[in-house]
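Single-structure report; data block below.
Labels for the chains are A, B, C and D, by order of writing; each one numbers its residues from 1.
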Amino acid sequence: MSALLELRGVTKIFGGLVAVEDVGFDVVAGQVMGLIGPNGAGKTTTFNLITGNYRVSRGTIAFEGRPLTSLRTNRIVRLGVARTFQNIRLFQQLTALENVLAGRHCRTSAGLLGALLRTPGQRREERAAVARAIAELDFVGLPGRALDLAKNLAYGDQRRLEIARALASEPKLLVLDEPAGGMNEQETDQLVGLIGRIKARGITVLLIEHDMTLVMRACDQIVVLEYGKKIAEGPPAAIQRDRRVIEAYLGTEEAT
Amino acid sequence: MNRRLLVGYLVAAVALILAPRFLDAYQVDVLNSVGLYVLLALSLNLILGDAGLFNMGQAAFYAVGAYTAAILNTRLGVPMLWAMPVSGLLAAIFAVIVARPVVHLRGDYLLVVTIGLGEIVRIALVNDVFGVTGGANGIFGIARPFLFGHKIRTPDEFLYLIWGFVAVTVFLFHRLEESRFGRALTFLREDAVAAEGSGIDTTRYRLMAFALGAAWAGMTGSIYAAKMTIISPESFSFWESVVVFLMVILGGSGSIPGVMVGAAIVVIMPEIFRDLATARMLVFGLVMMVMMVVRPQGLLPWRAPRFRAGDVPRDLPRPEAAP
Amino acid sequence: MEQFAQQLINGLAVGSIYALIALGYTMVYGVLRLINFAHGDLFTYGAYLGMTLLTSLALQDRFGLAVGLAVLALMVMGLVALIGVILERAAYRPLQSSPRLSAVVSALGGSIFLQNALMLIYGARYQVYPDVLPQATVSLFGLPVPVMRIAVVVVSLAMMAVLYLFVQKTRTGTAIRAAAIDQGAARLMGIDVNRVIQVVFVIGPALGGAAGLLVGLYYGQISFTMGWTYGMKAFTAAILGGIGNIPGAMVGGLVLGVVEALGAGYISIAWKDAIAFVVLILILIVRPSGLLGERVAEKV
Amino acid sequence: MNKKMAVVLALGLVGATARAQETIKIGLMAPLTGAWASEGQEMKRNVDLLAEQLNAKGGLLGKKVEVVTEDDGGDPRTASLAAQRLTTKGVVAVIGTYGSAVTEASQTIFDEAGIIQVANGSTAVRLTEKGLKNFLRTCPRDDEQGRVGAAVVEKSKAKKIAILHDNSAYSKGLADEINGILKGKNANVVFFDALTPKEQDYSAILTKLKAAGPEVVFFTGYYPEAGLLLKQKKQMGWNVPFIGGDAINNPDLVKIAGKEAAEGFQFLSPPVPKDLDTAEAKAYVVAYQKKFNEAPSSIYGVLAGDGFRVVAKAIEGAKSTKAEAVRAYLTGSLKAFPGFTGKIEFNAKGDRVGELYRVYKVARDGSFVMQP
């Protein structure tokens, strides 16, 4: 078991406000890791630091031993870290197929000349990309919806489409920000199944989630944040018993 | 390509080929003017319509192209049509250099910066930068272009040259739109953060959009120089950038046929109103307002869908099976 | 050194006019996210209306210079505000839910229309204000400065101060600020956004009109195309200060004026505008949201 | 009823075409809109008035004269369209336009179409140096004005000279001419720079100018900026003499600057009608005054009028509307024609012959007084 992603002493300061402080954990290859914590604990900020949307103030983030901290987001995606967004960021005006092709972009290479001259190589690549995108749509459970506009999909389907888009970039690590947000129970069940199948493809998953049943069912390992600091780490069973976690998080969350 | 669009293009092409038989020199020259602006509008559409980058300084690239060709021609005797690709290339390089530090700016900040770039270029031309632009006088005595040994001189001949280039441009730009490159620009326009998060190098594509748009504006500039035989800084004023911007939005931002219609209307309308003499621009302004209110998406906002049912294959291996 | 001080004063005088016009851009932008390209022309209307009223009513003869001009200013501001409100109704309101740039084109159409209407009414020639201001000079830090030059700066700054207090201290002002931050949220909080837009289209054009009157009174010569030049400068100033930000527009205007004056004085007059734009670009590279604009990291 | 109407309509059409054949069309290309609209509209006034007068006297060669006006918007691209349009309207000659670059954009079009063009506000030297056979102009050239301007500067005995232009082709050209001549005579030019036209506050420029300490300033730009410069110079309490070029000859200068600030200002210009002692000029000023309620304000408008008159004269003299004949008459037979701007004759290039420029000075009452 080797660490695919390593966070060491990661700190992010906005203005004077410390959003994430000295957080460190490893994401082990092949596992599903959950990142939980109360609202404002710095989960999404941590994600944004991993995916290069924000720059770390201090600390290091390494993926397969390579530092990510100075790379731009698209480079990080290329290295194999794909993500979804907390408040869905699909290309709403475009079809599901085009959305997935966006994820395929970094694994294809046709350039300007290829586009203008429409070379055989470019056409072959294009056909393959479309085929792969369709396959990913099928995989996440959106068969036959390729030509629907993203904005016309139901909320849960939009979440799935975002996952398909991320998968199309052939990630080694998939970072899901509240994938079950806005989903009903049945959809959540399907999502747990989907996460299982993603794991079965050999893709490591890191996810933020508020739905504890999902977290407990889907995750192999859990990290808990509170006020920007890591307060616990361990397998679900251990976390469920952890005193500080119960006080800080589960106590309040479960009560509501 | 969509069949109706194809028919539209064919009808337009036939009409243009036959136009000199039915129109007088002035009317043909209006069409030439339309053609030049169609090219400019299409070039800006790449940047503004496709990539969603607010650029109100397209005249700067147009100017770089026109001046490059004019200088090459009058100083080194390079034939105008040979100078054309050089114009495009130089305009593209110029665009990349000036856009690099500012391309990440948000919408309206980019808008004002591009206005500034346009003005800086114009002021530089007026002040005879490097001693080669002729200052306020501009450059005169530019040779007419030769095509296959034939000197292009009359409005009719320019009609075929300009619209021939329009046809090539439309063909290539439609291809571009349907390609991986065109899609990347669309993603960029729709949501730059999501595009970057999907693995698209947004900075690179922003610059590519600028480079390509500038290259086309530059080549158009060289045709303009060849047609006018004299160019001066006032032909590349801020107003010129505004007019091209207007054509793109009025016609339907991001839509190739729309942008062409926009250019045609903005050029032809003031000509139709010529008989109103001093009131012609007043009516023009009014019509613009009304058109926008009536059709807020532009006159012809139509974009070709990239994929239709036939493009979607079935019976694919499931990704689980793939390694 | 004396030249430096002199150029500084020159810059502030021009800059205060830019600032006054820039406020109109920034307020409208704050609420509507619209670059009101016709705003420069509203400024021109202020100048022309001021001239007509000044010569036809001759208020300064009846009530004395100070009162006469104050009354005149209020009338001009009222009339230009009226034009602003009509413009908003006719050209912008129907486009509220359309793509942002559609309204920009509508604004450009409005600008062309307003400008040419003025040309048809008054003719294309330059118009000249009657000379009503006293021509005294005072010594400021040992430099001779025309009194009226100081008056222009003081009047502009006073109007900006009033506006600032209005926006900060009153309920309507708070509503304007709220709508500028998040229109949707403001709506949910029970703010009548359409009314806010109307208020903005009263205040912005009124200030623009006042600037037009000031320019007419002080410089004496006006033309129907003047709004285009001033408008572009003022819009640049608004961006420089951070568009949507009211103190930013004031600072942006003053900074732009001073940069222009110093650029003309110490580098080259012919390159003055280019220098100003280079400075603008450099500032935006360092501060992508303008001088006072907040540096918002894009929320993801 | 319908038939009747059709007949009436047909007759009307025939009549219209018949009448059309009877007119001689003369084109006017002018900036009716845009930044130079005031000049263009002034040009139109002069030419329309003269055409009216001519028609009242029976027209040309027994035909009425019809003026076909096209707006060039003051920009080269629109100008090339306007010119192209005029070539399709059957005009025998074209008057105009204002601005050298704008004129240049139309030159080849008229030349290739075999139409005589008489420009009125296009002073760039090169326009007549290209060997175009159909181009003439009633305005003088920049090099001539440069010579006269430099002479005026020398006469002022100023040791330090400042030259200010506005970076337009005309203004820069004139400034270069004067600068070249003065430099050639080892005069001390301490300042040479350009202001940005269409602005209102020139105090930054004046401050810099003053720091250079010139004893005379030659401003080669246009009257709106000149007026503001004079006014703001006075506000600064600086009383260096200013001299200007012919683009400043407009009564609005005094309105803008104020009489006090304008007093003593000198500028070069072809003589204006009121200063000529010919009967034609005197009568014209009266007629213009009567029709438009003011004296002709723009010298370029008057120069357009002169252009119209020489063309009319040439058609009459040559008894033909053919371009070659008109051109031959204008450059060969036309001698000492009594124009509203002095005697008119053309050389083979199409330029006016003779010293045209006079020096004007603004008097205390704001009037322009021709200097002996």
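Rule of thumb we're sticking to: a residue touches a chain if its C-beta (ideal position, glycine included) is under 8 Å from a C-beta of that chain, and two chains touch if they have at least 3 such contacts.
Values in this document were obtained by computation on a predicted structure and should not be read as measured data.
> Which chain has its C-alpha centre closest to the mean of all protein C-alpha atoms shown?
B
> Compare the CA centroid of chain A with every other chain's and tell me the farthest one.
D
> Between chain pairs A-B and B-D, which one is joined by a greater number of C-beta pairs in contact?
By number of C-beta pairs in contact, A-B is the larger.
> What whole-number Å value describes the gap between the mean CA coordinates of chain A and chain D?
From the centre of chain A to the centre of chain D is 72 Å.
> What whole-number Å value describes the gap between the mean CA coordinates of chain A and chain B?
A distance of 40 Å separates the two centres.
> State, to the nearest whole Å, the distance from the C-alpha centre of chain B to the C-alpha centre of chain D.
36
> If you average the CA atoms of chain B and of chain C, how far apart do the two points sit, in angstrom?
Chain centroid spacing, chain B to chain C, equals 33 Å.
> Two-or-more-chain contact residues of chain B, please, as numbers and ranges.
126-127, 193, 197, 278, 281
> Which residues of chain A are in contact with two or more other chains?
In chain A, the residues touching two or more other chains are 53, 85, 89.
> Any chance you could list the residues of chain C touching two or more other chains?
Answer for chain C, listing residues that touch two or more other chains: 116, 119, 124, 270, 273, 298, 300.
> Note which residues of chain B are touching chain D in the complex, please.
Its residues touching chain D are 24-27, 29-30, 33, 126-127, 135-138, 140-141, 153, 155, 228-230, 232, 234-235, 271, 274, 277-278, 280-281.
> Going by the contact rule set out above, which residues of chain B touch chain C in the complex?
Residue list for chain B touching chain C: 54, 101-102, 104-106, 108-109, 111-113, 115-117, 119-120, 123-124, 126-127, 193, 197, 238, 242, 245-246, 249-250, 253, 278-279, 281-282, 284-289, 291-293, 296-298.
> If we count contacts the way the header does, which residues on chain A are in touch with chain B in the complex?
Listed in rising order, the residues are 51, 53, 72-75, 77-78, 82-83, 85, 89-95, 97-98, 101-103, 105-106, 108, 110-112, 114-116, 118, 122, 125-127, 129-132, 134-136, 138-139, 146-147, 165-167, 169, 197, 200-201.
> Would you tell me which residues of chain D are touching chain C in their complex?
Listed in rising order, the residues are 33, 35, 37-38, 40-41, 167, 193-196, 198-201, 203-205, 207-208, 211, 224, 227-228, 231, 235-237, 252, 255-256, 258, 297.
> Enumerate the contact residues on chain C facing chain B in the complex.
29, 35, 90-91, 94-95, 98-99, 101-106, 108-117, 119-120, 124, 232, 235-236, 239, 243, 270-271, 273-274, 277-278, 280-281, 284-285, 288-290, 298, 300
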